[in-house]
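Right, I'll just put the structure down here and ask away after.
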Amino acid sequence: MTLNDLITILPLAFLAAWGVLLLLVDLWIPANRKGLTAILAAGGLAVTLGLTLARGQHSLEAFNGMVSVDGFAVFLDVIFLGSGLAGIALAYDYLKRTHIERGEYYSLLLFTVAGMMLMTYANDLVIVFLALELLSLPLYVMAGFARLQLLSEEAALKYFLMGAFSSTFVLYGVALIFGATARTDLPGVVAAVQGGTANPVFFLVGAAMLLVGFGFKSAVMPFHMWAPDVYQGSPSSVTAFMTVGAKAAGFAALLRVFVVAFQSISADMTPILWALAALTMFGGNILAIAQSNIKRMLAYASIAQSGYMLMAFVPYGQGAVLKDTIAAMLFFLVTYSLATLGAWAVVIALEKEENKDLEIADYAGLGRKYPWLGAAMTVFMLSFTGMPLTLGFWGKFYLFSTAVEGGFTGLALVGLLTSLISAYYYLRVVVYMFMKPGEPTLTQDPWIQLTALVSAFLVVALSLFPGPLLDYASAALMLLR
Amino acid sequence: MVLNPILLMTFFPLVGAAVILFFKSEQKSAIRWTALITSLVTFGLSLWVLAAYGRQDVGIHRLWFRIAGLPIHFHMAVDGLNILMVLLTTFLTPLAVLSTWKAVEERVKGFMIFFLLLEVGMLGVFLALDLVLFYIFWEFTLIPMYFLIGLWGGERRIYAAVKFFLFTMAGSVIMLLAILYLGWNAKTFDLPALLAARDSFAAAQIPLFAAFALAFAIKVPMWPLHTWLPDAHVEAPTAGSVILAGVLLKMGAYGFLRFNLLLFPQASLQLAPWMAGLAVIGILYGAAVAYTQKDVKKLVAYSSVSHLGFVMLGIFALNAEGLSGAILQMVNHGLSTGALFLMVGFLYERRHTRLMESFGGLWKSVPVLAALALIVSLSSMGLPGLNGFVGEFTILTGAFGSAALGSPWFAGLSTLGVILAAVYLLHMMEKVFLGPITHAENRSLPDLSPRELAVILPLLVVIFWIGLYPKPFFGLIEPGVAQILAAVQSAALALH
Amino acid sequence: MIEHYLPLFVILGLAVFVGVLVVVLGTIFGPKRPTERKSSPYESGMVPYGPGRRRMSVRYYLVAVLFILFDIEVIFVLPWAVTFRDLGMPGLWLMIVFLLVLEVAYVYAWKKGALEWE
Amino acid sequence: MKSLFIILFMTAGFAYVTLLERRVLARMQVRIGPNRAGPFGLLQPVADGVKLIFKEELIPAYADKFVFVLAPVLTVIPALIITAVVPWGPQVMLFGRPVPLYLVDLNIGVLYIVAVTSISVYGIALAGWSSNNKYATMGGLRATAQMISYELALGLAMLAPVMMAGSMSMVDVVESQRTLPFIVLQPVAFLIYFMSSLAEINRAPFDMPEAEQELTAGYHTEYSGMKFALFFMAEYIKMIAVAMIGSTLFLGGYAWPLPPEWLGGFAGPINLLAKVLVWLFVIIWLRATLPRIRYDRLMFYGWKVLFPVALVNIVITAVVIVLVGG
Amino acid sequence: MPLGYYLALSAVMFVIGIVGVLVRRNALIVFMSLELMFNAANLLFVTFAAYYGTIIGQISVFFVMTVAAAEVAVGLALMVAIFRTKHSIDVDQMSSLKG
């Protein structure tokens, strides 16, 4: 390890160190002043964000090429750090209100973000695995953070079992690829494949296992079965963070590994990806219709969103489309994150103790009583649907556009038709909020409402001028060799 | 750029909506007046656009941003195809706003904001000349309309609103796919550039045509995709129905003119008989079903299906008479059906029912209303001297002589529709206004108030104007029609 | 490589043999006259009360979990202990950083009372 | 061949350590102890064994039969094999051939010991659990917790000689002590090793799992006959093993104080055995002297004293060695 | 021994693990199956490391062991927590969340 290595990963190193320190510092913060921990954690994230933005999009390698920090990583890191900040803002009041406030929450959150960042840096399959675990393990604990609540504990255990299950697939895949190429660093793997020294069978099976593992992580059908339970059972502030962060990290891994190392087998992968994408879009949306619990509905909705992202990924093997594939997925992640965090903010604002007020029917009258929050939620729902004048429109537009560019018009058609299905259940929330009578009560917490309103504002405002963001996403290229 | 009349007109309602946002919900009359003044100013601005029409620099055309390297332009311009639509929109909006004075009492603020947003969307749809921009406006109109129906509608408003939303969206998602396909093949979404690059997607004309046609046909609505319409109309508040019938439906027909015919002339020629066939079925079916309705509003709604069948027939006659007749008929339908809905709304405000059997003999109690309703009905039937006649006659002339249709039978059958229209409209007139007063409540109904007269009279003026002197309107349409004809003729040459 | 371990397998086999042999001897020669009292759990002569496998203090789990974690850390120290001469100062620093992180967990566990008994 | 020897040595050793203990304890408590069977009671272990063979073996109802039988076997195996890597001497000439006096010289010898130590926990935990007896369960749990708690300190303490020698091979460790046993340079590590090894084999004053007053006989409450003998055996064999390993790691093993090449190479084993005997004596002595410590103190001591001290010791050792350049 | 034996053993371990996870209902057994799968991967790493004569595989195993230990810690803690609330770790009984 040289000093240069350390400087290259400075944001990550800082965040990890901060998380560790926070764990210690928190021990001496009295129980009734855990808000201080939250502020410290947010400060750490903010500094990391600053460090990340300050370094720009140029590419650097460190630790003998085991990590590479490039525009792709920086772009995703900004999303992760932003969602981390939002995660803290959402948790700040929620944890107090539900009596599960403990300082570890914030340390765990920082560790998770550190894992996500490492995932974006990873240029070695072993690092990918480590990052995956680093981000998952704290999340398992966070999912069960509402201790003594059966729902939360079950969610945590399910998440843990399925998460560990998927990790073993990733690991076995890595081992097989190592076996096929004698290397674990992505460039080395590529070199071995190009040099013809790789064992094609091991390589293909390994890649498939990685796909399964990442599929689990980002809740792609048919590897999604944990997601609804976990999203529903976890404390909402965790779910909000998880639906954004963990999913994005799963896709980050998918992108990095497949784009860099698995170009050569894209012909084999494309039909599989096609089927997975179609299945996820279709299944996620269909199942979401039947839900009456808002957390569960959002869970299935988020599964469906994975399908859309996967759709743009199908043509990853086409050199001409690749740039758009990456940019489209990155851009969509921004749109998805904003709307998701915002929607969860509304859910959290409405949620009462003991999982009350989480049925969609509980949203009746929200739009009349709290028009701003209702409007914000409407914006998020429309953004998920992909209606114009929300950022979600451009996000889906770009994804569909990429699919069409790659020649997968049929898949794009599936995606569009399922969007139509999704409109039905998204609209139902709007229907309840505005068109049914009801008297919901809201927790008046400034941070939660700020998160909702800022997200809504960004979703609309950025949709009018998406140019800079799109350019930023297009410029966020991976260090490819 | 700010002083660009098109831009100013399109987005001026936003200013009004923003102002309304600052009022308290209780300040109803302030909100109403702001909305009315805004829409009137918008109408004034549209007259400025009319004055500027024909000048080159009147449009706005600049790069918005690039997505995946494909440029998306902010391209709006006024031409022969959309000038009348724009005028119709800005003309109907203040009238519709005025009609809500008494009808909408709850949540006036939200209503007016949505109404003004809707106007922005509609103007945008007509003026946008970039496919993506067009799509944005097209989809955007759904949202305010959805809320207008869902929040201020009748009993089954939620069902109607969702059905409206999903039906329309179903068409448009497929259109989006076609737009993306076009974009990747021609490397642009800008309409003039696409027209120049027509060859790049010549191979896929028919599926592309179908994709666009589906979206537009649902909106028009063409038979058999019309089922959302009666629900939406019946449940929508009066002003909503007026705008829905008057403007929103025209967006579909306009889409056919602007995109299907211009982008895919060959496919249009090949598929013209099929489309016209559907149109004829729509004419007859709409008329037949209208006759059986007991609810006046539903009757008017089905009459829309029938009338828009004429518009479609005219469009797919693909000759000068058919096209200009269709465009004019779009305006006519907006005027007369809009007026009919207003009449129904007036009745509903008085009696809170729309069933024909609850009325009867109203001529005696509300003579002015009855007389005006008669005029409007006659206009809708196509009585010579009124606007409907001019439009329908031109369309039928075009359809008789159409080379694209290749058979006079389309026109022949459609004539039947004219007769049927007379039957069901007169049937309604008789049931509602003539005969003895059967219900006691109907004896002492108030006649039209000055405000209501102010709503209805401008419409009548234009109805008579078009009926008696349509030439200026045809003049405005002509360049657009010529453009389409040129495209169709070159396609016809290429086909043979 | 594998030959190197052969004696280990031999001694393992022998050890297993001895263990099994002893058990078998006892089974063969020992008398068997079980009675109900004899085969009930021993509770100082009292009648057994409650189930034998009751829930036990969570402390035991804590100890187990802590052990696993720290044991793994020891595993990392082991190879370093052999080679730290060659690694020199950089290696030493890395190990100190590593141990510091480990100590944070240790301090945390201490402060949280995981090391207290009862 | 050598394997057989080691096993025999260990089992025989076990037998006489029991005798030794009883005699020494008796002496310390001013008693005589068993002295009837054979000269000085030297046949006492044989008598014990014969008696145990013919004792009735009970398997409690509700016990998990298979595990119940498996547990004692599982306990004794690690005890028997752990000393496999301990060298007795460099080599001797036997029947005209040079024979190295060690079973195997693993390059990971210390790791092997640590690993086998961990395994021995299983037998005890399973024995406690399978008996379906409150005392046994409790005793098993306590034993397990105690063993794993001290295992950390034990492992870290064993690292110190490894660092000094720069190798995990036991032979290398011994060879590098030819001039000076590591106990001189690593007194702290030695102490830690000594104490935690006592805890590891559940000997006084760390014999909490078998605290008669609280737990009857701990995890082997329900065992009788030869199965009980196995536990008994394991415990005493472990004593020998601990002494052998400790002597090897800290006291110079076979290589000190006599040069091991003396006496045709047999000075090595003599060196080692002498130290083992002393060590065993100390262990027994401790049992006779020290009272049992309270369980919470026991855990506290392991986690909060031995472990951090061992860790600091490691770091200091490393720093010193790196700075001095040893 | 030829490479194939190790690979086969690893594959068998992995498959047994999968089956265990999918079939067994006791969370603890599921958990042990997971460990088996981890170790199957470890075996693979070591095998290939020996085969190619590179140390990468063995280093990877170290990392995997650490991660597995951390997983054990988290998993056990979760199981203890849920057992204390519910007195059961049967996965099938975890039906508070229905889909």
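Lettered A, B, C, D and E in written order, each chain numbered from 1.
One rule holds for everything that comes next: contacts are C-beta pairs under 8 Å (C-beta built on N, C-alpha and C of every residue); 3 or more make two chains touch, one makes a residue touch a chain.
Fair warning: this is a prediction, and the values are worked out from it, not measured in the lab.
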Contacts common to chain A and chain B (chain labels): none
Chains touching both chain C and chain D: none
Taking each chain's C-alpha mean as its centre, the one farthest from chain B: D
Most centrally placed chain, judged by C-alpha centres: A
Winner on C-beta contact pairs when A-C is weighed against A-E: A-E
Approximate Å spacing (C-alpha centroids) for the pair chain B, chain C: 81
Centre-to-centre distance between chain E and chain A (centres being mean Cα positions), rounded to whole Å: 25
Chain B-chain D separation of Cα centroids, rounded to whole Å: 95
Chain B-chain E separation of Cα centroids, rounded to whole Å: 65
Residues of chain D touching at least two other chains: none
For chain E, residues contacting two or more additional chains: 70, 77
Chains grouped in pairs wherever the two touch, ordered by label: A-B, A-C, A-E, C-D, C-E
Chain D partner contacts - residues on chain C that touch it in the complex: 4-5, 7-8, 10-12, 14-16, 18-20, 22-23, 25-27, 29-34, 36, 38-44, 50, 52-54, 56, 59-60, 63-64, 66-67, 70-71, 74, 77-78, 81-82, 84-85, 88-89, 92, 95-96, 99, 103, 106, 110, 115-118
Chain B to chain A touching residues, read off their complex: 64-70, 107, 110, 132, 135-137, 139-140, 142-143, 146-147, 150-151, 157-158, 161-162, 165-166, 169-170, 173-174, 176-177, 180-181, 183-184
Residue ranges of chain D touching chain C (in the complex, touch as defined): 2-4, 6-7, 11, 52-62, 69, 72-74, 76-77, 80-81, 84, 103-104, 106, 110-111, 114, 118, 129, 131-138, 141, 144-145, 148-149, 151-152, 155-156, 159, 162-163, 166-168, 216, 221-222, 225-227, 229-230, 233, 295-296, 299-300, 303-304, 307-308, 311, 314-315, 318-319, 321-322, 326
Complex contacts: residues of chain E adjacent to chain A: 7, 14, 17, 21, 27, 30-31, 34, 37-38, 40-42, 44-45, 47-48, 51-52, 54, 56-57, 59-60, 63-64, 67, 70-71, 74-75, 77-79, 81-82, 85-86, 89, 91, 94, 96-97, 99
Chain E contact footprint on chain A (complex, rising order): 126, 129-130, 133, 137, 140-141, 144, 147-148, 150-151, 153-158, 160-161, 164-165, 167-168, 171-172, 174-176, 178-179, 182-184, 225, 228-229, 232-233, 287, 296
